[in-house]
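The next block holds one structure in the form of structure tokens; read it before the comments.
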Amino acid sequence: MELGKIVGNVVATRKNERLKGYKLLVAEYITPNCELKGAHVVGVDLVDAGVGDIVLIVRGSSARTAEGMTDKPVDGSIVAVVDTIEYKGNITYKKRNTKK
Amino acid sequence: MELGKIVGNVVATRKNERLKGYKLLVAEYITPNCELKGAHVVGVDLVDAGVGDIVLIVRGSSARTAEGMTDKPVDGSIVAVVDTIEYKGNITYKKRNTKK
Amino acid sequence: MELGKIVGNVVATRKNERLKGYKLLVAEYITPNCELKGAHVVGVDLVDAGVGDIVLIVRGSSARTAEGMTDKPVDGSIVAVVDTIEYKGNITYKKRNTKK
Amino acid sequence: MELGKIVGNVVATRKNERLKGYKLLVAEYITPNCELKGAHVVGVDLVDAGVGDIVLIVRGSSARTAEGMTDKPVDGSIVAVVDTIEYKGNITYKKRNTKK
Amino acid sequence: MELGKIVGNVVATRKNERLKGYKLLVAEYITPNCELKGAHVVGVDLVDAGVGDIVLIVRGSSARTAEGMTDKPVDGSIVAVVDTIEYKGNITYKKRNTKK
């Protein structure tokens, strides 16, 4: 999996039938130090993520292993909202408490 | 998935039997700011896309998950025509209304 | 899929049993303008391609979707010989008629 | 597979149901000379690896071939803790004996 | 597939159960001119390759298509020892006869 930050979203009305109903988020890849890497992916949101969240992104066929997704034309999924990243002995990211 | 812009097409008469009947489009990858990235992919068109459209591209085995495509030698599919991209708080792309 | 040009071939006697009987071609990736990109792949030839042909290359598990290839250790296949490429409004490639 | 060094971990409470129970490690890719490459992956730990260990990382659908993982949304797994790397005639890495 | 040169090996005692019994080789990717590319992969040896051999490397799920490997956590396999490479009209590699 890769670390990323949610930086936007994509809306598409005309799309493959099997893609309907999914929220499509734009994530930018980040280093474990939370530096933006300038490369992006559009992923299906499986965890109700929002702009600013640090997330885990799964690519390839593994993006279709969540329940009900086996036959979806999806090669990127947001599968977790990250609470903390520990990198080289430091906590480089800690999610702020947010009400929901 | 990746964002791309349709910039051309490919015609091939001599091809694997299972590839017959599909329209092959050339897409150039773009950033969420709609900047062309200079890298391209040839994808099977699943959404009647045309030159100039901003689209979503699926790669790998997921390009074969649309109906009837399981056994096709295809690793790239155009699965959506994008209406809007929202990126870092701005609408960076909005499809113009087009009659069809 | 990716565009490529056939630039050579590979012969290997000692190989996995399931790889036997396939012609292995070296393709160099090209841009839609037919510029060589300097990166290569060895693909199984499924369309009787030859040196100089512009082709479509499928990578990953999709390279095994042609008939009889499901269990072959192959991650690259040449699945089409390209007739024309249209790119940004120009015909950037047109196959010359060749007897066969 | 790729060589990597464990350099951290990721904790995520809100995640896809099928991802629960796995330890998520941050690995940095290394050369066979054990030089850090500056690129990272988050992998599921299948071998009780720890920070500082040199490991083998499997990506893609193969990261789901370990027992019980077929339907997990995982595209990176830590599948081995490396004892020695021999590279161009030299032992470039040798694991120190550690009690466990 | 990709061309590579065997440049070393990896030994790992603590590994996923399903990875046991395989020889793990380090291959460095090469151009069709046999220039080393500085990038490496660790692959399972399926053809009794040795240091110095020029080989074909299969990545991804296709690395698991050889007999008995379907459920192995392997994303790279050495599937052929190359005899000759012909590239742009020249023989750029020819295996020396070796007794075995």
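Worth a mention:
Note that the chains take the letters A, B, C, D and E in the order they are written out, and that residue 1 is the start of every chain.
One rule holds for everything that comes next: a contact is a pair of C-beta atoms (placed from the backbone, for glycine too) under 8 Å apart; a residue touches a chain by one contact, two chains touch by 3 or more.
As the structure is a prediction and not an experimental result, all values here were calculated from the model.
Between chain B and chain E, the least number of touch steps comes to 2. Mean C-alpha positions place chain A and chain C at a centre distance of 34 Å. Chain geometry summary: the mean Cα position of chain D and that of chain E are 21 Å apart. Under the contact definition stated at the top, the residues of chain D that touch 2 or more other chains are 60-61, 63. Arrangement of the chains shown, judged by which pairs touch: one closed cycle in which each chain has exactly two touching partners.
Contact ring, oriented from chain A toward chain D: the chain order is A, D, E, C, B. Per the touch definition, chain C reaches chain B in the complex via residues 1-3, 31-32, 46-48, 56, 58-63, 65-67, 77, 79-89, 92. Across the complex, chain E meets chain D through its residues 7-19, 24, 26, 40-43, 51, 60-61, 63-64, 70-76.
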